[in-house]
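Before we start, here is the structure in question, set down as structure tokens.
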Amino acid sequence: MARIPCYPDAAAMKHTAVLLLSCPDRKGLVAAIANFLLAHGANILHADQHQDAELGLFLMRVEWDLRGFALPVTDFSAEFAPIAQANQMVWRLAESARKPRMAIFVSRSDHCLADLLYRFRSEELHCEIPVIISNHEHARRLADAYGIPFRHIEISSESRHDAEKLQLAVLSEADVDFIVLARYMQILSAQFTARYPQRIINIHHSFLPAFHGARPYHRAFERGVKLIGVTSHYVTDKLDEGPIIEQDVVRISHRDSLEDLIRKGADLEKIVLSRAVRWHLDNRVLVYANRTVVFD
Amino acid sequence: MARIPCYPDAAAMKHTAVLLLSCPDRKGLVAAIANFLLAHGANILHADQHQDAELGLFLMRVEWDLRGFALPVTDFSAEFAPIAQANQMVWRLAESARKPRMAIFVSRSDHCLADLLYRFRSEELHCEIPVIISNHEHARRLADAYGIPFRHIEISSESRHDAEKLQLAVLSEADVDFIVLARYMQILSAQFTARYPQRIINIHHSFLPAFHGARPYHRAFERGVKLIGVTSHYVTDKLDEGPIIEQDVVRISHRDSLEDLIRKGADLEKIVLSRAVRWHLDNRVLVYANRTVVFD
Amino acid sequence: MARIPCYPDAAAMKHTAVLLLSCPDRKGLVAAIANFLLAHGANILHADQHQDAELGLFLMRVEWDLRGFALPVTDFSAEFAPIAQANQMVWRLAESARKPRMAIFVSRSDHCLADLLYRFRSEELHCEIPVIISNHEHARRLADAYGIPFRHIEISSESRHDAEKLQLAVLSEADVDFIVLARYMQILSAQFTARYPQRIINIHHSFLPAFHGARPYHRAFERGVKLIGVTSHYVTDKLDEGPIIEQDVVRISHRDSLEDLIRKGADLEKIVLSRAVRWHLDNRVLVYANRTVVFD
Amino acid sequence: MARIPCYPDAAAMKHTAVLLLSCPDRKGLVAAIANFLLAHGANILHADQHQDAELGLFLMRVEWDLRGFALPVTDFSAEFAPIAQANQMVWRLAESARKPRMAIFVSRSDHCLADLLYRFRSEELHCEIPVIISNHEHARRLADAYGIPFRHIEISSESRHDAEKLQLAVLSEADVDFIVLARYMQILSAQFTARYPQRIINIHHSFLPAFHGARPYHRAFERGVKLIGVTSHYVTDKLDEGPIIEQDVVRISHRDSLEDLIRKGADLEKIVLSRAVRWHLDNRVLVYANRTVVFD
């Protein structure tokens, strides 16, 4: 299926830059950044900041129109360096014109994959999807329908190490920027996750930290909770303990069977994962202290 | 402050009976109960049932108008016994005309207490409140304002045993049917909870099973969750593991400080606890397998 | 794409019957129905009832296992007639084994169509889809991908009458039971809607009765509301005034552009429409007094 | 009852200033404001801005610590005037140390009043309440319990004009900054509302614009909606059409009677009105084009 934009205005994309930064809080940071951008003719479209008073941190996201911005993006780093160094900033710059390359990992359940692909095709998600990787053949037909390269890489407890090597090779060859685990039911090794820090997004089918680990819907059903939730987070080497990007819940009752929980949860997984992916693509997520700031 | 009904229609109370029962599921249960009630002229107002297919359980709540019901409530037990025994029913009968006697336990935070008392005064909660017990003096002024007897019973780690003995004596003297822990920050002993099985309602300020135990808002803040929740449950001898009656959540963001979490959570605690208490008073809650059915 | 069940347990379908009925409320209705079913050996799986005290109406949904039910479904009507007539019941019987035939109407926006087709293919929706009808060519590729017959029927203000005649002929030929308007942006005539009473399900992109009619997101944006909603309802000859099946809302803020509203709303439309369709397929929806009872 | 802070940290109040402004959008606004504040030694605690691209508007809220701020607040206006005039800013400055004076209007239903008074007493709301005005005697006992002056001003269709004159005199004498209509069931005249522009906060018991006007719960019940809502808004001379500050909804079902709607709605009214009042007190609400920006 060819990509056809559903959102006409989105097709006429603005060409913007986003600067995301964090540094120790002090007086004059806003002025320093605003003056720097103004000096180069930036027309600021959005600016948002957050102070963590307890940790003494300043975090900011600023987006401006690149039309009329006098500084070539390639020169930004050199020009901005003095301010960044003087204030011990950790920062990154992203251009809206460059589409990040997103790999999707999936196991048998393909509802999140189908949802992401539909959003991709309708241009809600501004990215490229160079490859889908799965430990099952099941998702191949969806990949084919959307014309995305599909790689089936089997995994067993003995083959895990080799399988991850192969996965990394495929990702490298496809020049992937970040990975979305769209109900991928295998645990990634610490070696693997270290290769993509804050660049692997998972959807866990519970309201973390409740029911971390395996079979969360079964355990929620057993416990008799009145709401079930899902959590999208960056993957770290600690299972289900990475920085949370988004969570949501849905009400259940005694009338709901385990199958109902799984079905209601599936709808929530699609929504929550797609939000997390879109915010990541929009450079809205800043991680610190194992938490996230999601600039809206 | 005198009690003035806010809900005029509620003042003109219907005189009804509620039968709550559970038993092994089998054919003919609905017919047996419906025929029994019909034989005595019951006009059924509400009937609701639930089958737990996995456990093979049948659970039912049926409410009927006592006007025109030919069987005196005092004779119900004897007449219903054959059906109950033949079907191994666990059951109880409640009359709307009899107001249950509810004790409230509270520590320093009195928002849930204030909320319950306002609902009591406006006749949203159909009960008597013969006593408020606290390990602090703080809540006395609220008790006084509403004209409810207040007992300050101090508790320290050494005095816990004696304090509970005193609490039990006060409860017994006040002829209490059930207890609401309205942000009562002491842990009740297994001896105490055994005296009021499925008759102690707690409000825990987290989305259980996440953050059970102490300081849940602090830990939610640390973990960086995107929603906070509260849970009302029956108290058992396992801390925060009793059957859940109701839960709800509210969205937070990185902009919310710990104080914001506590404030937002407090609003939720009032709502969720008041729902659980009202459902308990309306005989809508049936416990089985450490879960609840809440008949709506 | 071939249909592959995602929910293994759903594939091993129970063979059940559902009786939906409404009648004037009186004593003995539950007993009469329970006795009738018991006499024929029915094992009741779910029973739910509702009384509208104001209108004096009794409404019921009862589902039983057809294994062990002694009465052939073809004989049900004749056997049940005496009870139905004596109590002035309006009733219908549905068998889970028979899959209803659902037509989908769609215009340009195809997110609801894509969502329904995915749920259909994964056997979440137990129905047949004999035809998709659209006034645009846009959705043909989705229909093709799922192997569903697609009919493009153009509509202009002059051709409306003829177009509806053609639509009705297609529906008749496809032996359609009910119609889902999955963001179909044409208004159906009273003649058309009269042919499918309580059998046309629409999704309206506002929280009805707010913003009925055209361009609801634009008007919600103009009005500065803080939540947007969507409504699924049965279509009558009064635009956007039919019985509401389901509604839901999502929070927005001043940061959300009109495009954000449209995007957030689209996610809600999919969820709410799919709930309404599933409840209709499960025979959970009973209409009276331009309202619905949704038995859960 | 004496005021006792529930939130210890809130008692140790920071002394801050908040600047709220709107103006035509142009380059350099952020830099101009940041430089001005920095020049006087401001330590910015929060800064948030919003651009309305369609209307070409820039809106900002900035809060800074007054400790270390070199400019006396009394001199702010004169110093800031050149920037404000050059950029056609509409602006206002508020100091956290000054508690706004809030009048509460109420009719018979006093749940919102009770809620506001409890929040006031527990220092969640940083304001003074010099007077409560009602067209009934009903709320006097609550006013007395909290030690707030209470004025009973009767209103009939003939006395409306005189009653409003008396109300305005009482408000003037009490030096009131803004008014909260806590379920005040009388319509204010255009003359009255013109005296307190964007300074009268109402709670309407529907999800506006649905069910504006009288008896919204009754009409929601009649319409068969699946959610009910409430709306807090600034009062203008157009009934229920002023700028919306906050809205929220709660789910209902066919099991809910009209009394249930009223009861569920009442809980929502308290929450939504208290949010609107707190945001107003925190100077977070900026009105433009009959909409609000609520800076969080």
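We call the chains A, B, C and D, going by the order they appear; numbering starts again at 1 in every chain.
Just so it is clear, a residue touches a chain if its C-beta (ideal position, glycine included) is under 8 Å from a C-beta of that chain, and two chains touch if they have at least 3 such contacts.
A quick note: this is a predicted structure, and the numbers were derived from the prediction, not measured.
Engineer: Can you list every chain that touches chain A and also touches chain D?
Structural biologist: B, C
Engineer: If you take the mean of the Cα atoms for each chain, which one ends up farthest from chain C?
Structural biologist: D
Engineer: Taking the mean of the CA coordinates per chain, how far is chain A from chain C in Å?
Structural biologist: 35
Engineer: With centres defined as the mean C-alpha position, give me the chain A-chain B separation in Å.
Structural biologist: 42
Engineer: For chain C, which residues are shared contacts with two or more other chains?
Structural biologist: Each of 53, 253, 255, 296 in chain C touches at least two other chains.
Engineer: Please give the residue numbers of chain B that touch chain C in the complex, ascending.
Structural biologist: Result: residues 27-28, 30-31, 34-35, 37-38, 41-49, 51, 53, 251 of chain B touch chain C.
Engineer: Where on chain C does chain D make contact in their complex?
Structural biologist: My answer: residues 50, 53, 207-211, 223-227, 229, 243-249, 253-255, 257, 289-294, 296.
Engineer: What does chain D use to touch chain B in their complex?
Structural biologist: Those residues of chain D that touch chain B are 1-2, 4, 6-7, 9-10, 109-111, 114, 118, 122, 124, 138, 141-142, 145, 253, 255, 259, 262-263, 267, 271, 274, 296.
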